Amino acid sequence: MGILSYLLVIPFIGILLLLCLPNKAVFYHRMVSNLITFVVFCVSIYLFSSFSIDPSLQFVEHTNWFSFGSSGGIDYSLGLDGLSLPMLVLTTFVSFIASVASIYIKKRTKTYFSLFLLLEVGMMGVFLATNLFLFFLFFEITFVTMFFLIGIWGYNKKERAAYHFLIYNGLGSAFLLIAIVGIYVVFGSVEYETVRKLVALDIPSPLSWTLFVCLLLAFAIKLPIFPFHRWMLLVHVEAPPSVVIIHAGILLKIGAYGILRFGVSMFSSHMNYIATILVVLGLINLLYGAILAFAQTELKRVLAYSSISHMGIILLGVAAGNVIGLQGAVLQSVSHGLISALFFFLVGALYERTKSTQLEDLGGIAKSMPVYSGILMIASLGLLGLPGLSGFVSEFFSLLGLFEKYPIYAAVGTLGLILAAVYTLRALMEVSFGKQQKIFTTTDIGWKEGLPMFALVLIILSIGIYPDLISHTLNGTLETIASEWRG
Amino acid sequence: MYLTSYLALAAILFCIGLYGILTKRNAVMLLFSVELMLNAVNLNLVAFSRLGFYPNVEGQIFTFFTITVAAAEAAVGLAILIALYRKKETAEADQYNSMKG
Amino acid sequence: MLSYAWTIPLFPLFAFVVQLLLRTKGNKKLVSSLGVVLTFLSFVFSVYLVVHSLVWNQTIPEWKVNWLHIGANVVTVGASFTPIQVAMLFIVSLVSCLVQIYSMGYMKEDKRSNTFFAYLSLFTFSMLGLVIAPNFLELYFFWELVGVCSFLLVGFYFYKESAKQAAKKAFIVTRIGDVGLFIAICLLFWEVGSFDFDVVKQAVDANQLSSGMITLIAILIFVGAIGKSGQFPLHTWLPDAMEGPTPVSALIHAATMVAAGVFLVAETFWLFEESSTALAIVSYIGGFTALFAALIALTQTDIKRVLAYSTVSQLGYMMLGLGSLGLSSGFFHLLTHAFFKALLFLAAGAVIVAYSHEQDIRKMGGLWKQQRWLGIAFLIGAFSIAGIPPFSGFFSKDEIFLAVFQSGRYDLFVAALLAAFCTAFYMFRLFYLVFAGKVTKEKTKTLSWHFKVPIWILALFSVIAGFLQYPKHLISGWLDETTQTALWWIPVVVTLMAVFGIFLAYAVYQKRWVSAHTLAKLSGIGYRLSYRKFYIDECYEALFVWSLKGLGWILMGWDRFFVGGIALFMKSMPIQLSEMSSRIQNGQVQRYILISVIGLLLLLLSITVGRFIS
Amino acid sequence: MNAEFLAFSILSVFAIGGAVFFLNAGKVMHMAIALAFTFFSLAGIYLLLQAEFLAVVQVLVYAGGISILMIFGIMLTKPEEGAPSRSFQYHQWISLATVTGFFVIIMTIIYQTPILTPAGKETSASVKSIGSILFKNYAIPFELASILLLVALIGAIVLARKEQK
Amino acid sequence: MREMVMHLSPEWILLVGIALVLIGEILLHKDSSRSMLGIIAILTVLGSGTLLILQGKEVITLFDGSYTSDPFIRSIKGLLVAGTLFVLLLSWTEKIVAKGEYYLLVLAALLGAMSLISSSDLIFLFVSLELLSLSAYVLVGMQQDRLVSSEAAWKYVIYGGASSAFLLYGMSFFYGLSGTTNLTKISGNLAVAYVNGYELFLYLGFVLLLVGIGFKLAAVPFHMWAPDVYQGAPTTVTTFLAIVSKIAGFIFALRLISMLFASGGLQSILHSMVVPSLLILSMLSMIFGNVTALKQHHLKRMLAYSSIGHAGYMLVAVISILLDKQESSLSSLYYYFVAYLLASAGTFATIHVIAKDRSPDRKVLSGLYKRSPGLAFSLSVFLLSLAGIPFTAGFIGKFTILVSAFGNSMYWLTGTMLLTTVISYFYYFRVIRQMYWQEDEDVSQVTMHWSIGIVITFSLIGTFFFGIMPNVLLQNLSNWIG
């Protein structure tokens, strides 16, 4: 067992510990979860620091697992490259934050944290896996645990949300499974590298197109791309804050990661054909989400639609097809992960105090909660892509990349920047500016909530000021991908 | 030509049995209809065993088994019906519908 | 020492961090003086640079470090110190320092003054950063940052509904312009492969870019400038931005940030020079804005709004100058305007404080008698902006008129003259209404030295700044521009227009030979248009805000009913099927057999029929 | 028109007639008797097919055993006659159509490709040959059949006996 | 004779067991406990399993090939034995008056099932099938204090009688065309008939057979009996039907079809008719089974529909086997059997424990997470395995079937299978939801007999084990079969 396997095992230790604790020891449940997620985060930081910057796969682990049929076997293989590393670190970090943000969870904490840790395993596994089968397994873990996390600990319409999550993601994973089965049958392997090479050898056939479209659909639902977005709204609105942090922060990015990993990297020649379609879809997402975000009257819905809008930017970056665009897409994944984590943490803190996130009920929070609204301000500015915060870098890279081949589309895409400002500021101002609408018990945030928020702000700031922090590790891998795509 | 006539007769009886099983309201008649269907099949088998491409005795042996099974089935079916009748107090087959959906 | 010039913006940044940390607990006086002191250090350093660069004509070394990798390209971050930049450094740090001093008085009673000073420091940092940026990306970085500071400061009184709206408007409208700049930067990157000004300049000089592309990029950059500098049609945010505290108006919305657009055009002037179309657009928009805003300023009743429109108008002048190939004229006006407009705003702030936060000029009067020093200072500013010799405004305006005339755009020349007339009129309308006439308030507040010192310093600069260009063409020299031969009649005509404007104001508001009322009636619909700011806001409201809202509602319906409907359909289809299938399962065994036999029949048919067909 | 054909015709008319009467008889008891008649006719047809052993078994098991069993069943359950419900009528028509369809298909297939008996290959199966094949080749099924009968026996007892509690 | 005893020993021992139980039942006093007989039954089944293992890898054919037993068949028999063992263990607490007869019938049914899958002769097949069915009819109706039990038995016997008439009718045509009932010989004669223009008879015969097969598998549209019977039967019997009867039915179908159409001349029929009709059956089963399950409240009824859906999945594997005859498809089917067996046994066992005297409506599960976290967890795992979620055996099973199907270019079938799997998530997760986030009205502790504990534990471990270490089975399977 290598370090990556240990990484996957650590949360299980946490689960065991939790099982040993009595039901009532809520504080200790939290502590165990915080501790474990923190340890995992530290390990991932260690991985980050000892990662040597080149496009190769590192920390590789490879064991035969099982074989079936005439095709080659399916292996247990883990590894990290420049693409998965930032996502892994994002995952561990956001998980830690979400674990801390779970203070708003008050019932059945033991089950909650067990599922939470399991979810973390799933998410890490998704990024660590270097074959499709393993990827799928971990993907499904996230799917099942999320269903419970939404369904048990959500707000009023939690069941509807959970079921929407179930149908859409179920469909997505069905598509994914078709693709994986097909790839396994057609190419005789599920290892990323092998498949990539074999796909590159063939000229696109109807069969490989089908597989590719299935893959794309799977991740389109996860991301989500325009007509598949309904489920995500409900999840954003109804799930508890800490779960939404994970959901908006990481799970949506699995879609982006999937498109990059399987679409761009594996099926590069196919991707080339549909790049323009992808650009158009990206634009639709970007503008559609933005306009709808503007029309919402509830804070979480605003954020949900803004997520759709931001996922559009990822698509644009991917579709740009050059290193810059891809960098933008990955950075956007990371950055939006952090910013939305921060945002939903804030929303959770707000809901805890006001018991409402309707914009009309809110207002003038800045008076009684200056620190809170300061952080909210930073989060908003990050969301609308202010230079100096991580959101800018990613949007800039994505659009800059797009300008190379699709200047007109890119120019239309910049409209998104304006709209982002419009809806974000509207939401921000309805919450913290103006007259205080109701008498809430609004005490400002304390250290418990403040520290993790500050940590997030700090990271958002540092990526914004020095994006190479992340994009450095990416470059090698992305260059290989981009050269394939253009080759 | 002969064989075809036998087969036709079997088919007619089979279909009558089938129609009976589909429409008779008395539960005992359902069991009877099943027996009729099985009889039709027996006729088929016997006809084949004598007049088929490869006339041989296996068809008759088959029929022998079929008759045995049919008798057993009839017995069990009737036993079940009696048990059911005790609770439902009716022999109307369409009344036996407490499970549905 | 010179090689550390890049540290200039860091002083206020440090101040910002410390002030933010001391936000709640810090002693107000300490916190504010920290800002002042550190900004003053920046100022001193800037002066040092000015001496080296402008006076001794030394080149100050650029400073660069690698910042980020964009694909294969390495983008640097750094600082460069061309004469324009050094001059801007000087202006920004000076005005900023003065305004901070002023604010110590102005914000004394505000509970959140520490936050205010922190914001001011942040702004100073961003503005200084913007000024010394050696490449487009860094410039854009700070460009947005100053926008945010402006937003924060406009919305400083967040609990006021109007401040909230104004801040939002300020941010969004300028962002529309920023997007232009953003696109320009992206295009330049793919054309040239770098963001650096010098690299781009070399490429432009080497004719690497097609002329169409240059025009496009220049126009897009100008769009950015339009947004920031409040040019028509994106000017609407600037008057509303007066909702912020007055020192902010003086610093950001008069002297520095709004001039950033002009600065940007000046900085990339080599690009504009290559495209006559772009220049024409710059000058026409500038000229139009100058007149248009001046016309609006004629009728406004809020002291700060008058000044705001005046700012818009003056910025239009600067653009006009630049568009007419008068780089030095435009920049020179920027310089002088920074002094006199800051002066006017600070004075106006003092007036407002004196009247206990009353801003309506119709409720003022007779302040001359109570606070004469203020009157004098305001008068200096007014003369300067009206273009009365020997005040600084006269010289810079004169240059612009000269440039416009020589560019051959006589229509713009006439418009500019009209604007000059209006300028003089509305300034003195303001002066007479506020300072002359009856005393409306018996006891006005006495003002502390915090008010007086900055005002007087700025007044001093307003008076003397003009002489930078007059006997010796210092500015042109710095900018490496050949001086144009002056035409004698232009200053005369301009001054006459100004004097005429002043006289009219005197006649109407001091002597009341003609009542303002009849004048308004005379102009008919013109008055109404001017008073309602040509209904631009209303138009925008109808055009953009409502259409966006409408679109939002339509899409909302679409999203909920159509997209959601499809999802619902997909969901209900299995359920319908399920219901159908469980209805068939009615509990009767005969029904079951029937269904199975029908199934058998269909199967048989489909197979045999399929067999016969194929 | 030989004797065998005549016999077949008569017997088949009896068999079908019995079956049709079974379908349409008004009283349950009549139905049972009609069907017993059919079973008898079938035994005759078996004789025609030279399956004497089966004919005997048919008479014993069906005409004798099963018919009697059924009549017992009828008596035990005291059937009452009544008009079929509306929904059931509906069901009847569909059933009729389906069965007719099924019948048509079978008849088409039977008559489209008639199976011709190879000349001179008719075998007559004596009881002896049946017995020997049965116990030589079909010993296991025979054993199984005995278990089956045991199961039926036990099952019938278990099911039909009165509840003990 | 000695050979016959040796080779048939797994079946013989069941006969012995039946006899012992019968004798015991007669000897025992009316009111005394029948657990002794249960132990005998269990021992018998265990013995049968042991003998199966002892037979090793040899291939046995008896009576002109009408009885065959090869390693694959034997491993399937192993599954049947295991399934029956689970059923017997569960039966310990089942409320049935005639417990002795009950054990006897279970053994007889197992005997029927085991000889069913070994037989290669139409007569043999028919008799074994009827032995299985007849025992099942009686078993279903044995809970005489419940009306539904009798009613279920009634429906079962009528439906079963009709379908065996159809099956026989079909068999009679095959016999007529080939003149033999021996499946090893039948195919060649059929090919002759096919060439001579009797293909329509073949079609007719096959479709009629399909009724009988469909009935055993509970495949749509011949599934109509299943929901009522599953619901009405005692839970243990339902388990038996869902596991043993179904698995035996599949192997029966597979052998029958593959041997009927084994001859090269009939390959075109296999492709033009057999596979398409199975395909239709499979698709309909997957769709209707899963879709109808959506509306069900009654757990056993829901599981009945779910098992109809699973029959559809398994049919996919059967079709793959018919198409490519690769061992991998065979092992995929086997793997699915294992997964399905474990999960179903576990599920029914849990329901058996929880529902007790009540009708197992979904509501009985409310708040189970509090009353018995272990049971709630196990039931969740079983349901997840049925739904095909990774790290359970069900997923690997589904995956292998998908691979086989895709490898045979059955893309639409693959698609349908996954789509219906998604639909199935709904009702499986709804049950889980009921346990975890529906508050409970009933707070009584759940008590469980040790025998059921064994079943649940074993199923749970197995479900996880085969989900995580699939190679253990897959590797061995290819050894056995290859």
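A few comments on the model shown:
All chains are identified by letter, namely A, B, C, D and E, in their written order; residue positions are counted from 1 within each chain.
In this section, a residue touches a chain if its C-beta (ideal position, glycine included) is under 8 Å from a C-beta of that chain, and two chains touch if they have at least 3 such contacts.
Keep in mind that what you see is a predicted model, and the values were worked out from it rather than measured.
In terms of the stated touch criterion, the partners common to chain B and chain D are C, E, listed by label. Chains making contact with chain B as well as with chain C: D, E. Counting steps between touching chains, the shortest path from chain A to chain B takes 2. Chains B-D form the pair with the most C-beta pairs in contact. When you average the Cα atoms of each chain and compare centres, the chain farthest from chain B turns out to be C.
Each chain's centre was taken as the mean of its CA atoms, and the one lying most distant from chain D is C.
Of all the chains shown, the one with its CA centroid nearest the global CA centroid is A. Chain C and chain D have Cα centroids separated by 101 Å. Chain E has its Cα centroid 78 Å from the Cα centroid of chain C.
Our note on geometry: chain A versus chain C, Cα centroid distance of 37 Å, whole angstroms.
With centres defined as mean CA coordinates, chain D is found 70 Å away from chain A. In chain B, the residues that reach two or more other chains under the touch definition are 14, 17-18, 21-23, 27, 30-31, 47, 49, 52-56, 58, 61, 65, 69, 72-73, 76, 80-81, 83, 93-94, 96, 98-101.
Under the contact definition stated at the top, the residues of chain D that touch 2 or more other chains are 91, 95, 98-99, 102, 105-106, 115, 138, 141, 145, 148, 151-152, 155, 157-159. Shared interface positions of chain A, i.e. residues touching 2 or more other chains, are given as 167. Every pair of chains that touch is listed here: A-C, A-E, B-C, B-D, B-E, C-D, C-E, D-E.
Chain E meets chain D in the complex at residues 8, 15, 18, 22, 62-64, 66-67, 97-98, 101, 104-105, 108, 111-112, 115, 121, 123-124, 127-128, 130-131, 134-135, 137-138, 141-142, 144-145, 150, 153, 176-177, 197-198, 200-201, 203-204. For chain E in complex with chain C, the touching residues are 154-155, 158-159, 162-163, 166, 199-200, 203-204, 207-208, 210-211, 214, 220-222, 224-225, 227-228, 272-273, 276-277, 280-281, 287-288, 291-296, 423. Chain contact summary for the complex, chain C toward chain D: residues 590-591, 594, 597-598, 600-601, 604-605, 608.
Residues of chain C touching chain E in their complex: 574-575, 577-579, 581-582, 585, 587, 589, 591-593, 595-596, 598-600, 603-604, 606-608, 610-611, 614.
Chain contact summary for the complex, chain B toward chain E: residues 14, 17-18, 21, 27, 30-31, 34, 37-38, 40-41, 44-45, 47-49, 52-56, 58-59, 61-62, 65-66, 69, 72-73, 76-77, 80-81, 83-84, 87-88, 93, 96, 98-101.
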